[in-house]
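Chain naming follows the written order as A, B, C and D, and within any one chain the residues start at number 1.
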């Protein structure tokens, strides 16, 4: 029985981690930390947990974390993990970091997008990008996992088969992404008020979102050549879920059926990626509250444009579910434990 | 052409006032004020007004208000109007105040619920409660109108016919009220985030809401005897609209049809109160974006319980629309101008 | 390992039963039936089950049901169960019926509300009303469980402590109920279109809903005297969840704190009923997707009116979750299995 | 005072036409027809019109239409207009047809997408495509206007300035479109039930939607060379509104600021097209319930990809508002009458 903790337990990804870990037969949730003056039961913060756990949430201290945990999830804002990870690593705890801090390989890129110099190159080198469908074996041996961003997860899983097979132009990728509001975290801002968002839809940060370099980096690895991605996110008037429509230019003369086969083979044996039958679109309702990423395919034959639709729950496969999937690999539990 | 201004133009009721007044043929919107350091076009604050008005919104000053306006709407938070109204009145402007500050006749009650002593008894006495269906003639002559609260408007219109006719027990009134989130104003709070409210519903301030004493006061006037009201508000996961289900105990042996006749007669000639045919419920979608209050009736004959359903748009008939209806009466325009 | 089947697997309660039963360690889902010409994989009907089950859904035949199952859930429309239950019972299968057909003791009442004569008095007598918090011991021995309606579950759990203790007037109960649209079943009707319901709210069947007699019957049992209930349902613009605000008149001079104690004691040891701390309202988001019923209390002391707020997921505690809770009792599994 | 009628008054575009025309000072709404056995007041069908009009809705007959109207709006399903238009034209009524029947110039294309041969070539030739921003002068003289589809309106207005200026590649246009459910009409289908759509999002008819050939035809006219468009529509979980994100490849080396200037100039003087300041996205809430189409621009400079976001209310600028705009031109009223 592994003892696991969550630092940053009060946000939406923290809540999903708690929900999933309480069902996990091989781990015990032993430690919850957040920026609080006094400890309080997590069931005061999230009343849905009344009757399920009496665990208190307290101010983070290294001593307590080390004493209580074998493995720690960090559900902290970007740039904050940078100061916590080295301390935990020094004490030999395993860490799964849900922030962007250990995802970006290039420190210049990190600094440009997150406005802070990277101060922990040692651990950055040891970290493994936690997308199990691509890096399973490395994750098994990892001591520090950089859990992928929500937008990048859907984008990478959506593009991987054709990029790896070299049958699309890596220089010409358009990602039209749509996300529910929980993707922005648990925030008291007018912008996310239901009074502002009911029935609304808008774009934001077109070709300027901080997830773009992460997508760029990972797709470049897959394509084994520098990719060109235009990433345009939009805000859906829903609580959760990400849907990305990805436009890729075929460089080979392949039928949609052939491409579909390619995807099916690429994800054969993968529990959490489901390739839809041709003619069907993924839907948020089929993936929300689950760890699945559903992928649908279409093609405009005359223009040889492949259209990939990729959908996931931003808080589960896009964050906490994937983090637990990574944990399962790291602790030797079956990969799907607590996730089905 | 009357020149009118809005102080507190940046909130939801301010926005609705602007929208309505821009369509009004007999007034000119000349002045917008809000707590801003520097003036900015109202169309920067509300982009829906681009192309419709170039008016700037500026910091409130008495000099400017007096210079620009014949009549001013105050869309200010409760207790703030108290310090503005006396100044405007002293300069002989007509005022329609959308706050609670001049609604409550009893200063002790006001202080108990709004935590501030009333400091303007002079104008409190001159103020007229702005419910045109009940106080039309007095409003026509008013210089200061206390525009009713959103919950009270639906409650009073829903109860008036039977209370005035003395056929229900005034001591035993239950109001189960449901409101959209804009009723709480334009606020940056986590509680109203779509991520928190999608698919949600809850009660709040049961038997303890600050609109209860206003309802109490007005129903007592109607019944000509002290009423007993239990008021239980709930939060609907919608942007706008109020729906109140009101339970009244019949003291006379009247059929539902008779009660229905009573309501139809009471509101005969009233453009903005529509009594539904028996068997039909009001619906928010029929009143939202309008100045109507729709009223439906049902009865549990064996227990002689009359059930009144009263629905309105909290921002229109419950606030800004009614304010313009009052203005129309005060300036001699047809009552429905800009409201149909 | 018990073999269980679902007849009427294609509706919303069928879907929830499948979802829950797939996680149940002590049963195997072996049979799914619906009105289909040709069998088809349930994962074609509900794509969320792709990768989770390959079970086909087929036309109901008694032979197949008897051959495949030890216990059968009937998720059929009202009046249809009447023709299926006797056949299954005759073949000694255990049955949990989610329709109203075996809930109403009085055949005249049943006929009046469901427009069909009851044709199976034998089994009606053997059936047990499946509310585990009240009838646990009888359910354990039952062969036929009449699973409670969604509205009645929230109403009965909300009223039981004070009715059983005799401290409220049983003749004067008002239930203001609000339900999400899935309560009406999986139907292709314009009324439930998002285009009609976005931002909407309305009442329906005031004092005339078919669940009223069921509530009446069960509250009368609890009060040990004929009750008088006014039941007014409303349609919330949400997919799932029921919230009932119940107004009860205290006959004893008890403080709210005392009543709160009474509720806490009454539900002590009950996993699925959570009495909220005073000052807090239940919320749909805390109970949706769970088998909990959350109950909150308030009081208008001057009028001695007790206000009970009772919330549940209509498809889980109000239907399929409760059905599995009953099954657990019937097959000797821990009562909470697959429900936490 | 022109007398106008609506055939197909019972759908969503019919309702919006009624709402707008009731406010129009220069026309009188004299005739409403729909597939009804017996006439009934339109306010029975749409209770929001109680108190605003007593007009009855009746079965269509040519005699009545001719007798009552100078101009008729047809809000009929595709292919149905084909049999009504020739009769009305023969009687010299002016017609604004909201269906696709007179939009597609090429009869083969029409037949391929609407599965019906075109049977009225005479009037097809006389019809004018009713996009006032592009064809104002021709509309003024038209006797038959083919009112544009909702998706095409947003697409054409979004692309027109750069296509007409020849600064993008006409062969490489991707339109990622998102629409609210009212775009599908007033239909009793499970697919549009709130229980199915709450929190959902999905794609449909990727590269296979019947509006694609209309977009193709109109963009080809603008570009003066055959365009290549990939059109991918998605269903938003909202009642109304269309948002299209359009990806265009620059063929000239122009800065975003230059392109922005181009759009501003192109739409100078156009009341109903608003080009957003750089850095701002259109939002459905700014255009819903209005006749505006808002357009925002962004660019991925390194890949010279222009990103245009175009938003409108599908029922207003995408249908009934634009139809009234056309009517205003045809009858010589100021173009914005009843639309601001």
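Everything below uses one rule, namely that a contact is a pair of C-beta atoms (placed from the backbone, for glycine too) under 8 Å apart; a residue touches a chain by one contact, two chains touch by 3 or more.
This one's a predicted model, so the numbers in the text were calculated from it and none came from an experiment.
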Interface numbering overlap (same over half, different under half) for subunit C and subunit D: same
Far-end chain from subunit D, centres as C-alpha averages: C
Euclidean distance of C-alpha centroids - subunit B vs subunit C, Å: 39
Centroid spacing, where centroids are CA-atom means, of subunit C and subunit D in whole angstrom: 46
For subunit B paired with subunit D, centre-to-centre distance based on mean C-alpha positions, whole Å: 37
Where subunit B touches two or more other chains at once, by residue number: 180, 198-199, 237-240, 283, 285
Subunit B contact footprint on subunit C (complex, rising order): 171-172, 174, 176, 178, 180, 196, 199-204, 206-208, 228, 230, 232, 234, 236-241, 243, 245, 247, 281-285, 288, 296, 298-300, 302-303, 305, 307, 309, 311
Contact footprint of subunit B on subunit D as seen in their complex: 23, 47-48, 50-52, 198-199, 271, 274, 276, 280, 283, 285-287, 289-290, 292, 340
Touching residues (chain side subunit C, partner subunit D) in the complex: 12, 180-182, 186-190, 192-195, 197-199, 237-240
